[in-house]
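Have a look at the structure below, then the notes.
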């Protein structure tokens, strides 16, 4: 096989998503990525690290070598190498290998090992495989279309947080755990998002009254983003029906589930 | 009564749902199932078990014998016995009786007793009774129609959980309760779903800042599944209106509440 | 004034809602009710009860006498006395007075005093005043129209609670706070509704994994009732537009905000 | 430059929002406001206040002088001074400067310093800049249009809170943390809004049963405001499509995303 032909063949396998070698490679890669992340998870448990630390280090080195080879192959067969290296996935691919090497050669770089967890982001490539991107696009388009409404909502939430956080700092004070303004803001966020750890909670009657008001307010506010997104998604899906056109009779307005034109009976193009 | 006739008669009673013996049997069965589960619940309280353990064991044996007889009758009158035994409900029916026998004959099988709780799943048969299945079907159809969007959402949530969990493990470390990566993921799930037990909570200012960001993110994310399902349910109910046809004038587009055709006045078929 | 005339005049004032004496009486009543409930609230704080208990008891007796007079007047001027006495509001009106008398004459009836809190339900009468009932009706109609879907949802939630509660009882056991099946169900409800007190929380890794699964499940489930109700409310408001008819040209399809028919320009009847 | 011209020029800069000096001034102002609030936050942390308190006091004085100059300039160049001074933003502008002066001249006025936090409200002026007001208006209009439904919802929630709070006070009593009716109401609000601190939690089996019922109820209730707002937002956006008119052919019904009339091809006016 010539060099150019080999490159094309390799590119097909590594970057391709068609059924056959391309898809098999992708599935194999996902298994390897998830295994390497699982090893990371297990190794972070102290009792396991003590007993199987050496074994898991060997597994880690094996995976790193594999990822290094894959990274090399991806650079080798890319038509535009610079574009790949500086792309989002190119950087994620690099970050999947570097921490292990650094931790071997630089003794103090143990903390960097956690970066390997972001290997999990590589799994997102799989979305290409199953046509999930179009669904993700609908969601993203809806979020983008309502970005202004969401900004207004976020600013309102932040104002509520600042106002209630400052009030509670004034009312409860350091003796009840509201030691500083940032700490009060932390309490306000924990409360308004209804997480409610209870590590900081109001103790004075007035503080409990103000906290209760903050909760009722947040209860009303939580309806806003859901309402915004519901309205947008409904319009988005109605727009898809309105804009779907029959290739044959050129008439518009076909449901997502329709396979044939309801006017002339011809096969419809798939919904975008 | 001949053997075949008796079988048909028994089948009518046990599997039938029409008003009369079939429905009465179903209602009687639900009462028995709920009573047996109630006995289980009460027996699991230590102080009650000490005083009334023997009485409740007798009650349990009584219910088990009843369920065994019912299971036998179901097998006996099924036209296709193999199909019944290996069906979902067939297995649930078997699991309702076996644990008690095992706990009598095998001393160490006490833990299996908890399986009896799943008897409660048998109550689902009652859905046949009240035509609730069509409503459940609408919900299931909507969930299925949006399964891709929901997958995209779940993958996004899992990514948020992994990213924030790993960050908190790095920032807070074992001294603040984030003892391992799985433990950090547990914290992230407790936080992102807004459950917020508070058994693990950030103690460092940076950790609290990152936790606050995770909460705000989860606040935006919680809007997504609701929006998806609302949009789908609205489309589903509009589709039901659009597709409902009058038998007489053959015109489409009748509301769920309509009983007569608004074009020709004839009685409409019930909505699917 | 004759007796019959006096009765009609009193009925107008007490039961009427028109601007003038009827409305003024209602507003005065609400102030009295809320004051009496506020006195109850304040009196339940131990330190205030010690210092001002006697004063607040006097206030309570005053309010009770007032409510007794009002109750008598309501009976007196009702056209159908029996119907009033056994109506929902008739019983609530009676319950507003009885506990105080009982606590005076029967020494052990202190616990009954809390019933007076339900006086707050009398405030609901005010809804008649401001035409809020039609809005409440839209909400109730939507809830009723989706009662089957909501039943299916509640049964699903209860099944999730029973299954996860039983699993956690098996996994965590009494040593981690899951002392009985009812206690485990309580934990499951606290978790699935995302309240998350943290008074009972999983301690074993497997328990935390199962709890995490319960949370993710509840996250998906919470979307269902919102989706159901949104879809129903949207249809309800579209139905109101579709069904609103012009009295003059008899054409249908007018928006809630429209005051004049868009076909003939005549004044429209108000939306129902 | 004449006095009148200088005033107009200053007004343009300070109150104007056009690209150029007006917008640059606004952006500069936001940076200053956020910096001054950040200084406030940092200063409230005890350990930082001890070490850098004097430096941060200097920073604070600097910002206060800046805000005072700005406030003076705003009064100076306002066409209607009285209207500005008593407007919402006029009062906020005044409140941004006063606390610092008071804390210098009156020794006991330290607590007033927290008022400076509300400087953050001045940032809202920025909304004029980026045309976000129309989005905020859509949200406000939807909230206003559904204010009656939301009132009905809030009254229902308050009733649920009063009923469950009173029940828990009766059942659990002071020995389990439900020391008074207001305290029980606080618990009920923490629970119904699903915040769930866990500072007060039921300990008796009956209390846990009632609490579980409160949680299931709140689970159903949380769907209501979201449903109301979703329905309103969808109608609002459909109304905007229905009412958008082409200037050329006068036909109605154009989507928010459309830039040209779909009937005659002329450019459409922007959506309101």
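Going in written order, the chains are labelled A, B, C and D, and every chain counts its residues from 1.
Here is the rule we go by: contacts are C-beta pairs under 8 Å (C-beta built on N, C-alpha and C of every residue); 3 or more make two chains touch, one makes a residue touch a chain.
Chain identities (UniProt): A, B, C, D = Ion transporter.
As the structure is a prediction and not an experimental result, all values here were calculated from the model.
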Co-neighbours of chain B (Ion transporter) and chain A (Ion transporter) - touch as defined: C, D
Centroid-based (C-alpha) most distant chain relative to chain A (Ion transporter): C
Homomeric contact chain C (Ion transporter)-chain D (Ion transporter): same or different residue positions, threshold half: different
Identified repeat of the A-B interface (over half of residue pairs identical), from B-D, A-C or B-C: B-C
Result of counting contacting C-beta pairs for A-D and B-D, higher pair: A-D
Superposition of chain B (Ion transporter) upon chain C (Ion transporter): rotation angle, C-alpha, nearest 5 degrees: 90
Euclidean distance of C-alpha centroids - chain A (Ion transporter) vs chain D (Ion transporter), Å: 29
Whole-Å separation of chain centres (CA-atom averages), chain B (Ion transporter) against chain D (Ion transporter): 41
Multi-chain contact sites of chain D (Ion transporter), meaning residues that touch two or more partners: 182, 185, 194-198, 222, 226, 228, 230, 234
Contacting residues of chain D (Ion transporter) [partner chain B (Ion transporter), same complex]: 194-198, 226, 230
Residue numbers on chain C (Ion transporter) that touch chain D (Ion transporter), as the complex places them: 40-41, 44-46, 111, 114, 117-118, 120-121, 124, 127, 132, 135-136, 138-139, 142, 150, 154, 157, 182-183, 185-186, 189-190, 193-199, 222, 225-226, 228-230, 232-234, 236-237, 255
Residue ranges of chain A (Ion transporter) in contact with chain D (Ion transporter) within the complex: 148-149, 151-153, 155, 159, 162-163, 166, 169-170, 174, 179-182, 185, 191, 194-198, 201, 205, 208-209, 211-212, 215-216, 218-220, 222-224, 226-228, 230-231, 234-235, 239
